[in-house]
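Next, two complexes with subunit A in common: one pairs it with subunit B, the other with subunit C.
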Partner chain A sequence: MGRFWSLLFLLVPVLGVGAFVFAAADVWPIHGHWLPDNINDHGGVIDSLFMFILYLTGVIFIATGIALFWFLWRYDAAKHAEPAKFTHGSHTLEVVWSILPAAILLFIAIYQMNAWADAKIRRPIESSGPDGVAGTADDVPQRPLALVTGRQFEWQIHYSGPDKEFNSEDDTVRDDVFIVNELHVPVHEEVVLQIESQDVLHSFFLPNMRIKQDVVPGMKQFVWFRANREGTFDIVCAELCGWGHYKMKGRLTVESREKFDRWLAQQYDEQQRRSFVAGTGE
Partner chain B sequence: MNMTTFSSGTRRLSLLASVLCVAALLTGCESPDARFRGNMVAIRANFGDKYRTQDQHVKDIADVLAAMFGTPDEPHVPKLPDLNTAEVLDIDKLRMAAGPVGSDEFDRPRGLYRQHCAHCHGISGDGAGPTAAFLNPYPRDYRLGKFKFKSTPIGYKPTHDDLKKILIDGIPGTAMPSFALLDNDEIDALVHYVKYLSIRGEVERDLIRYAATLDLEAEPPERIVNVAYAKEKPSDFAEQLEEVQRSAARLVTQWQNARSNVMEVAPPSRDMNDPQARVAAIRHGRELFYGAVANCFSCHGDTALGDGKVSYDDWVKDPGWIDGSTNQPIAAQIPEFLALGALEPQVLRPRNLRLGMYRGGRRPIDMYWRIRNGIEGTPMPAAAFKPEGAPEDMKGLTHDDIWDVVEYLRSLPYESISLPAPQELENLRERS
Partner chain C sequence: MSASTVDSHGHAIPHAAGHAHGGSSVGHFINTYVFSRDHKIIGLQFLFSTLLWFLVGGLLALGIRWQLAWPWHDMPVIGRMLFSPEGGQISPEFYTMLFTMHATVMIFFVIIPILAGAFGNYLIPLMIGADDMAFPTLNMLSYWFMWPAFLCIGSSFFLPGNGAASGWTSYPPLSAVWEAAPGSGMAQTMWLLGITFVGISSMMGSVNYMTTIINMRAPGMTMFRLPLTIWAMFITAILQAFALPVLTAAGFMQLMDRTIGTGFFLPEGLVVNNSMAATGGGQPLLWQHLFWFYSHPAVYIMILPAMGMVSDIISCFARKPIFGYKPMVYSISGIAGLGFIVWGHHMFISGMNPVLGMTFMVATMLIALPSAVKVFNWLGTIWGGKVLFTTPMLFATSFVSMFIIGGLSGIFMAATPVDIFIHDTYFIVAHFHYVLFSGTAMAVFGAIYFWFPKMFGRMMNETWGKVHFFFTFVFLNGTFYLMHILGAVGFPRRLADPYHYETFAHLQPMNQFITICAIGMVSTQIIFAINFIYSMFYGPSVGRNPWHANSLEWTAPSPPGHGNFDFQPIVYRGPYEYGSPEVDTDYYPQIQPPPTHPKGTVPPKHH
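Take a look at the complex of A and B:
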């Protein structure tokens, strides 16, 4: 019976590693479960952090799994008659297994700081301000292309239009465009989005951009990315926001600058529709 | 001895446990069968205090409706001679929307209504699903056959495209979300199903009104239709069957005609893209807003904040529990109606026009329709329209007057008092 248990517990590291290897190699039965394609120029650093931590925990996971198996196998009561010996522990061992993880955690904390700053603090700038030096306090941050407002259970998109201002008071430049669940962005350009919530906590998640930002009612948040591939991708809500959370999804379309401008102009024209003739449809 | 009893006891206990487990697996956690709920509120409203003794009518109405429209799992399109019902109610589309959530053997979706709509709008389309009571405004009750946001005037059904637009855009400011990402035929299926529930609900109301003219106490009792018996001898119920068919045919025709009742709209004479023309339009629109003819401010308030008269909409008024003299629901009747499935009466506030939140759509054409046609089921009236060539002294808004009011309303959210106070960037950190 003893050999059975040790072999059973050996399955834990075997299946655990197998799941990752099969998923990463995109092989049946867990194909299509690895990370979605990264289409963000700034997304690679998130992926390398993920892989680094995965390898680190992977090595420790495999080592722990094999050690557990070896102890079960070696000291199986049916085969191993020698009585158990008790010890008061090993000071050296305890120091090693406390300091080693602490050092690793500290290393990760420092190693990721730049990635965090790039993703959350160093918003792209429109100009470097009066002093002409980028990275100083007087930089003019890039204004958002659109305001994305989470609402149970949809994403409302409010484009600021060519004047880059929301709700501009000047009537001649009232060019804002309002859409639901359809976010179009130009490819190969820095895009800044302002994220807000109308009701409860949501989380604005662009899996292909490696961007996830909690949306807190009453707070203004900004996310930015530079897409490097055209196509349509998912926008999902990554924070349980109510019973309809699972259906709170939108569509992200990345397209060329010309197509994007044409699309935005079309949306604007439709929003300005001032006549209706039956038979033309809506 | 003790040992044996103990172990056989344990064995019996574990046997019992496994039997219970298997039983639980077999019965599963399926919800009870979906059923259409009778419109008890309308029964109470039509029969008054006598409604408790109308069980026969309630049963007969349910039987007639089941024969005509089927069940939530197996919808039927009523057979109406001389009418192309498929245009309004396409059975394939209805099957896609009806039934439990899942997909058929060709992997096409099924049960879309229950997946996306029923929790608010209810299995019967009564606007009283499980989540309805928590919402303000309440979800639409389709059974009155009235819809607010449409291109047709009050009294006419909305077009297929009107309902589709609501599904695609959602209704900002309410709990109705956008379903823009559903496939086009899924949205079509849901629109057909909404029409189906609406027609079924209106036929039910017609039947209830008709039943109120019959006397169950008479000898023999006057029944609507004894469905079991009518199949064998339809001639005995010819009059009643005709009544039912007429009601359904009238409704299907109304929905069919919606398209030809659309209000066509010509563009304004002013070029609104010209800043000066727009400023003139806004100024004139403002005069009209506060003028005696349009009289918008009497409900929408002196500052257009929607703080004028509150009232109730037709869906809340439907049970007939509003006292004409006080214009308030009769308190004593509320618990009784609530027990029959009505929702707590909810007051209707005129729209705050400074929010830039337009429930029926933010395009100028949508706002034109709201003003020109009014909003069905609410106190928002159609504008007194002054056609071209009308006598000079006729009171009313001309086509261009309405466009000017639209332009004024569109400018309101951009006035400085409408805009939120500038907000500090709370998560932006200063770096030196």
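Take a look at the complex of A and C:
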């Protein structure tokens, strides 16, 4: 039976790698079971990092899997007459297999820091500030296009309008636009969104943008991206927010600047009309 | 060591002395089997309790799987019994309860108590050559403090909401505001109380384990002659003792937020689902920090003892010393030490300062190192051995094979940019099930098959054990491996119906396949249950050392009586001297004195 069990353990790397190859090659029977289309100029780095780690771990997975199989096969007591090697280990080997993984792991850690900083720390800037040098403390961060607020169980979208201020105090004419679950953004432009929560934790997840950020009541977060393709995509809530968590679904529409401006103006008009009707007591 | 005597066949005869005859036999029974202070009985009590909860947790998981495969379809048989008001369907609020309670039961009632409570209790005194734990009464209490926890969590199933439903991580405000979810009422309060009782129980255990291992080792049993199981239990006990108070404190803070209006975790003026505005002044993120400060080390509490037991099993059935004993010990310690500074990797996208995320990322990457060293040493142990494919060995080998997957997938989520995409997706679900089920639970099965003869003096059936192993192994990979692929699509956790998202609509067939495998995996455990119960009473009787193993527990009677050893064990060497050239047998028990004339130098007798 030793042969059988050895081969069973060999199946782990064979089928394991096979499943990933099939999924990544996008072939039957698991067509479309891979990273969803990336439409964010800044998202590609996350995908390539994913693939890099996949190749690296894949090599280790195959090597250790085959070693395990071979040792079980080769040293099966039923097929193998010579006595066990009486050894308590090898100092050299321990040093080698400590330093090598340590170096690889540290390399991955340092290698990805830039990608992380670009995704979460270096918010796009409006101007480089008085000193004219980007990347210094006086940079003026880009203002958010919209404020997205999660609440049980919807995404409230709030565009600031031409004055670029949310709920500005001195507004004589309210130019803000409020919509639910429908987020539109212009294509090929750097977009910053301010995201907040009104009640419990939510997580603003745009699978096609490789963006995910929890929103916490009492805090505000920013996400940024530059979409490179028009279309309609999912907005997912990725942090448990109650019984209706599963239906907290929004839609993200990426469209040209003209279409976007037209859409926003139209939303504004509709909102005015609604408030007028409501204001006169119907 | 006076409470039992041992007859010539190695069977323990409990002493009648100290108990009046006749009338008080009920009292005797209660003292021996119920409120027992014998570490072995307490270990078995933990084992039986946790195995029963294992069944509950497994059935809860099937509910989750049913909903993901065929959402809003009537669940066959069980559906009618459980959710007749909903017409046999799982409602979304019931679904949130299912995954919350599945995780709670599996983590707090199965994995942690089966490792530390059952095997820790049973093995520590036996493997170090002690007659019992340092504090037997405290030990008894540590088991009986699980019962309030069982009652709290068990009763919460019958409270409004059918149980807590804010995830096993219990993140506020969802968990802290009564109106936030159907399960955030009294059920959540009971959940918090239950977890507190588990904490008390674990704390009593860990104090006892540390004291016992430090003070009660047999003569000659130096720290570096301890089996790796004991090293792992020792380090685990330290982890628990230092991490648990934080969880207990956090639990009480949340309890106060819920009941007396404090605002540790609630921002000012917070309103959830028309609740009264919170007094507030607090921070939801604070809970996450406190929770993970315990719960990340707890991840290692859930794997280190399994690693220790696997090391013992592999060395025994490779008939070869463990490869790199000291590096193994240092790895366990390294994992434990680093384990305290990686909790932030659960919070990369939580809103925590992203700069802080970088430091947690580096620490997290580094914790993969000791794990890798352990894997290499297990491979090194099997290399050059004489491998016996017994049931415990198959389970232990599968631990190594599966832990490689669980360890490697961890690197993806340690990489902060990649974690942005895969956080809270099925990639994570795949990862921790590979570590906790395919890793720890398989090691536990292996340990049960391995130490069963010591516990009950009888063998479990090997053939059925292998059948159990084969189907569990196949089905678990069918269940958990494809979850990596789901995660690569971004398939989120905890959604009652993910298929109304365009991105995930086509993933239902794969989920149905996973569910079928999960049903197969749970059904396979029937084989185990029958084998276990049957062998307890009718399995072939064995002597003290059926596996020809070296460590001390195998020199005690099977099963050992109260007081464990019928002689004073004196230890001459480490527990892994298999195939030593000093002796003719391929094993060399720790208590066997070295030959006066080492082999090869013995003068020929007949000449």
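Everything below uses one rule, namely that the second predicted complex is superposed on the first by the 269 of 282 C-alpha atoms of A that agree within 3 Å, B and C clash if a C-alpha of one lies under 4 Å from a C-alpha of the other, contacts with A are read in each partner's own complex, and residues count from 1 in each chain.
Quick note on the criterion: a contact is a pair of C-beta atoms (placed from the backbone, for glycine too) under 8 Å apart; a residue touches a chain by one contact, two chains touch by 3 or more.
On a predicted model such as this, the values are computed, not experimentally measured, just so you know.
By the touch criterion defined above, A:175 lies against neither subunit B nor subunit C after alignment on the C-alpha atoms of chain A.
Once the two complexes are laid over each other on the shared chain, residue contacts for A:211 go to subunit C alone; subunit B is not touched. Contacts of A:203 after superposition on the shared chain: subunit C is touched, whereas subunit B is not.
Of the two partner chains, both subunit B and subunit C are touched by A:219. Of the two partners subunit B and subunit C, it is C that touches the larger number of subunit A residues. When the two structures are aligned on the shared chain, A:255 is found in touch with neither subunit B nor subunit C. Once the two complexes are overlaid on the shared chain, A:49 sits against subunit C while remaining clear of subunit B. Within the superposed three-chain model, A:156 lies in touch with subunit B and out of touch with subunit C [touch as defined at top]. In the superposed pair of complexes, A:246 makes contact with subunit C only, with no contact to subunit B. In the superposition on chain A, the residues of subunit A contacted by subunit B and by subunit C overlap at 121, 152, 219, 221, 243-244, 247, 249. Against subunit A, the residues of subunit B that register as touching in their complex are 116, 119, 131, 151, 161-162, 164-165, 169-170, 172, 175, 177-178, 180-181, 259-260, 262-268, 272, 275, 278-279, 282, 356, 362-365, 368, 403, 411, 413-416, 419, 423, 425-432. For subunit A in complex with subunit C, the touching residues are 1-2, 5, 8-9, 12, 15-16, 19-20, 23, 30, 32-36, 45-46, 49-50, 53-54, 56-57, 60-61, 64-65, 67-68, 71-72, 75-77, 80, 83-90, 93-94, 97-98, 101-102, 105-106, 108-109, 112-113, 115-117, 119-121, 152, 198-201, 203, 205, 207-208, 210-219, 221, 233-234, 236, 238-247, 249. Listing the residues of subunit C that touch subunit A in their complex gives 91-93, 95-96, 165-167, 171, 173-174, 177, 180-182, 267-268, 270-273, 280, 283-285, 318-327, 349-351, 354-355, 357-358, 361-362, 365-366, 368-369, 372-373, 375-377, 379-380, 382-389, 394, 397-398, 400-402, 404-405, 408-409, 411-412, 414-418, 420-425, 466, 470, 473, 477, 481-482, 484-486, 488-490, 492-498, 500-503, 506-507, 510, 576, 578-581, 586. Taken in their complex, subunit A has these residues touching subunit B: 121, 123, 135-137, 141, 151-154, 156, 167-169, 171-172, 174, 178, 180-182, 219-222, 243-244, 247-251, 270-278, 281-282.
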